[in-house]
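Note that the chains take the letters A, B, C, D, E, F, G, H, I and J in the order they are written out, and that residue 1 is the start of every chain.
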Amino acid sequence: MADKKLLETFDNPHPGRDYVIRHVAPEFTSVCPKTAQPDFGTLEIEYVADRLCVELKSLKFYLQGFRNVGVFYEDVVNHILDDLVSVLHPRRMTVTGRFTPRGGMHSIIVAEYPGGR
Amino acid sequence: MADKKLLETFDNPHPGRDYVIRHVAPEFTSVCPKTAQPDFGTLEIEYVADRLCVELKSLKFYLQGFRNVGVFYEDVVNHILDDLVSVLHPRRMTVTGRFTPRGGMHSIIVAEYPGGR
Amino acid sequence: MADKKLLETFDNPHPGRDYVIRHVAPEFTSVCPKTAQPDFGTLEIEYVADRLCVELKSLKFYLQGFRNVGVFYEDVVNHILDDLVSVLHPRRMTVTGRFTPRGGMHSIIVAEYPGGR
Amino acid sequence: MADKKLLETFDNPHPGRDYVIRHVAPEFTSVCPKTAQPDFGTLEIEYVADRLCVELKSLKFYLQGFRNVGVFYEDVVNHILDDLVSVLHPRRMTVTGRFTPRGGMHSIIVAEYPGGR
Amino acid sequence: MADKKLLETFDNPHPGRDYVIRHVAPEFTSVCPKTAQPDFGTLEIEYVADRLCVELKSLKFYLQGFRNVGVFYEDVVNHILDDLVSVLHPRRMTVTGRFTPRGGMHSIIVAEYPGGR
Amino acid sequence: MADKKLLETFDNPHPGRDYVIRHVAPEFTSVCPKTAQPDFGTLEIEYVADRLCVELKSLKFYLQGFRNVGVFYEDVVNHILDDLVSVLHPRRMTVTGRFTPRGGMHSIIVAEYPGGR
Amino acid sequence: MADKKLLETFDNPHPGRDYVIRHVAPEFTSVCPKTAQPDFGTLEIEYVADRLCVELKSLKFYLQGFRNVGVFYEDVVNHILDDLVSVLHPRRMTVTGRFTPRGGMHSIIVAEYPGGR
Amino acid sequence: MADKKLLETFDNPHPGRDYVIRHVAPEFTSVCPKTAQPDFGTLEIEYVADRLCVELKSLKFYLQGFRNVGVFYEDVVNHILDDLVSVLHPRRMTVTGRFTPRGGMHSIIVAEYPGGR
Amino acid sequence: MADKKLLETFDNPHPGRDYVIRHVAPEFTSVCPKTAQPDFGTLEIEYVADRLCVELKSLKFYLQGFRNVGVFYEDVVNHILDDLVSVLHPRRMTVTGRFTPRGGMHSIIVAEYPGGR
Amino acid sequence: MADKKLLETFDNPHPGRDYVIRHVAPEFTSVCPKTAQPDFGTLEIEYVADRLCVELKSLKFYLQGFRNVGVFYEDVVNHILDDLVSVLHPRRMTVTGRFTPRGGMHSIIVAEYPGGR
């Protein structure tokens, strides 16, 4: 998996207000653990920051860390959510992965924090 | 009807969280039971997994099982929902069929679980 | 007006579940009662069936029955809703008419059952 | 301002049901009161009729009455809502104006009845 | 930062009604404080006026004031919201910035008033 | 077939220049001679006038004359071209019919004058 | 008709090269001479300048001069071409008018200079 | 392969003119000869008839004949062209196949008659 | 004007072949020399290299050099073409500027090299 | 660079006819040789086969061979053209690369065979 230590933060410039930050990364790629073929998709990260915001360039490097990692769609979206939550401690966060067609089907995974059962 | 024994599963990698999985299959085809003509449409399966996720390739083979089956729109969407629910026991699931025009009209069917009266 | 006796039904194959059926007819045409000019639009019928579903081909013939009938937009949408409700006794139904521009304006009418005041 | 006496009505053919009527007029034009330059936009009128519906051709003539009138965006949308409400006494009504770019910005105004503070 | 004294107002012509005003400025540009490279985006300002509306031309000049200012996405959207709220005292306001891709990612920031924690 | 005597003309206001006139009629409808079912399509008429232009309202009435006529796609497009050529004597003309799907296929017919073998 | 004396010019800054200038005016409006109803359309002017270019603001004022003029589609496009050619003496010019639907049909007129028979 | 004897013809109603006929079939499906998996695509047939036109319903049945046939993209498009040319003897014909993505790539094949080397 | 010395080059890796290179810059901005207001547009540069290609980052810096320069549309497009031709000596080049609406009109300028009278 | 030995071929099933084959690969990725950052784009390969066609799966593996290779846009498109020409000896071939934005600009490269100076 990618290294979450790559993620850098900066202080939320307006912590007194709940406002929404969304970063959309249409160049996400990882590797299918069954076929070893590359997967492609658009990762969308939406959150309400508490004290910390994620720095954009470091987010890019973190996501690039999945380039040669074998991981299922369902797993990678939840894993990225867990990494970002542990670094940013956001008030809330949603991670969405929209993957390109494989075998004539395309898939979308959406995970939210907080969001247990 | 297609054989639900074709459906394979894998363990939900993040069962502690309610997250959404959607698979979109734009190459669904079956046969009209009245005219014996082929029908075409896009099948969309959205669910929150409990312990099991459906494996994508097996889902493709299962859906291909309708290729030469005569079945009404209203029936096939509910039948697929019933099959997937009985195999996956999801926390919730929605199956949507969007069919191409016949006689100048196109049709959309949406069924949900749980969803009795 | 079109003859609602043209509408044929078949038994709802999954009456134990509230699921949504939508038929979209982009080739609807009637006649303006003021100008005797043809009107054109897209009729959309969405319902939750109780015991009966409308048969698609008979729905097409019923809608074609308005081809040479003079009727206002506001009237025809409600009339079709009344006819379909009286034949199908659905759990709920919405009829939408989206008409093409006349005099530089286009119009949309949406009626629902149940939906009194 | 345009003359609301131009607005003609006809009896709501289905007053026992709350249904939605929307007229969209993409050829609205008035004049900017500051620069005397023409403004352009799309006016959208959506309402639930009580006893009266607005006749389409008379609505067109009424809206044309703003062609050479100098009026602000914020004012004209509310003024049209007030005129239509006073003539139709609808159960509810929304008037939306979407205006074309001026100075690199475009504007949208939405007013509703009832809708005081 | 841009000078909020540039913002001019006019009296809300219909203060007795809560109606929505939205101005969309697709030509917003500022400068990245880290790289000194220009940033580009679409600023959208939606509000319900109380006694005052913002005059469009003055809004354009105010937004142009960021053309050569170095400021983060998260900061500029909140700053514009604060400036407009302090001048207009609106009943509510939302400011949205949709920025063009940098490093293969694009970002969207949405801040609302009132909207503390 | 529709009556070409319905077609009215006016004098070409700029006969000294070869310029292009195109009328697009998306509300064309006729009847299939095999099934007696209505057909729908968009008729596009493009020509360079010589001495005469076709009057728009009369063109509309002429095209409405096919509303209840049974005729094949290939025939109606050539027939309209022949009628318009015989009335207008244009320098050149193209008639295109784009018809809506039937049996999962849609069709386009393009005929030109002059355009023998 | 609009007054061509409103058209101002400036010296072509690069007369040694044949390059293309296109101005697109989607807010053109005039009046139908038969019905006295307003017409709307998009005017597109494309030319290769010789010694003179048309100044944009003056072009806007000139086109606004048709706002209350009754004129046929075929006439107004050729008239604007004639006016612009007489003022600019371009190396070549094309004027295109794309008008909004009337009676269910929309029209496009294209005139070119030089372009006699 | 599908049986070209299914193709029915009717006499070209306007053989004195070279006009274009195009039929677009977005519901084409065959089987990959390597993987035995279904392929999907849009078949487009454009021709200038000589004495014969292809009847639409028979064309549909002919194309359905490939539903369970294993054939490469490059082969099926040329095969359909050969069949149609041998039955219709058109003045010219183009067959285009646009196939849906497989392995992250989609393919388009275009064959013309006459069109040797 | 921007400083053409900012433009860096690298050796064409395939000079033996005429191939096309196109760079599209949707974030171009300059200043209107009449109103001192910012202008915005998309610059598109297409060329066939001879011995030299333009380095992308240096092209970005060069185009940013117009950010605070007052220049007419017609002038800036030709100026950029002249600068790039003098640095790259391409086999051919086209520069296109598509500018955003001003006064309800948008403009497009296209200049080519070689391309005298 | 990727290994062209990965490219497999099959015999052109219709060598007697010049027909067009186009494969579109929207999931191409390589690495920028200056910044070591990944690049993304859509590769389009269009050719007229002589005796050999490229097998689709082998083409996918060949293109995946650039995943971790540092190479300029201008170079990779020409390199792929050279590799495919040397293996397939096509009658003609065009390779197009459309790359995603970097620094606010996106680039397109088009190379053809035969296509020397």
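Quick notes
By our rule, a residue touches a chain if its C-beta (ideal position, glycine included) is under 8 Å from a C-beta of that chain, and two chains touch if they have at least 3 such contacts.
Remember, predicted model here, so these are calculated numbers, not experimental data.
Between chain C and chain J, the least number of touch steps comes to 3.
Of all chains, B has its CA centroid at the greatest distance from the CA centroid of chain G.
Comparing the centres of all chains, each the average of its CA atoms, the largest separation from chain E belongs to H.
Between B-H and B-C, more contacting C-beta pairs join the chains of B-C. Here chain C and chain D face each other with different sets of residues for the most part; under half of the interface numbers are shared between them.
Computed from the mean C-alpha positions, the centre of chain D lies at a distance of 52 Å from the centre of chain H.
One inter-chain figure worth recording: chain B and chain J are separated by 37 Å, centre to centre, where each centre is the mean of the chain's CA atoms. Distance between chain centres (mean CA atoms), chain F to chain I: 45 Å. Taking the mean of the C-alpha atoms as each chain's centre, chain D and chain E sit 28 Å apart. Counting partners per residue, chain A has 26-27, 37, 40, 100, 102-104 as the residues that reach two or more other chains. Every pair of chains meeting the contact definition is listed here: A-B, A-E, A-H, A-J, B-C, B-F, B-H, C-D, C-F, C-G, D-E, D-G, D-I, E-I, E-J, F-G, F-H, G-I, H-J, I-J.
Every residue of chain B that touches chain F in the complex is listed here, in rising order: 37, 40, 100-104. Those residues of chain F whose C-beta lies close enough to touch chain H in the complex are 72, 74-75, 77-78, 102-112, 115-117.
Residue ranges on chain D touching chain C, taken from their complex, read 10, 12-14, 16-27, 49, 53, 56-57, 59-60, 91. Contacts from chain F toward chain C in the complex involve residues 26-27, 29, 37-38, 40, 64, 67-68, 100.
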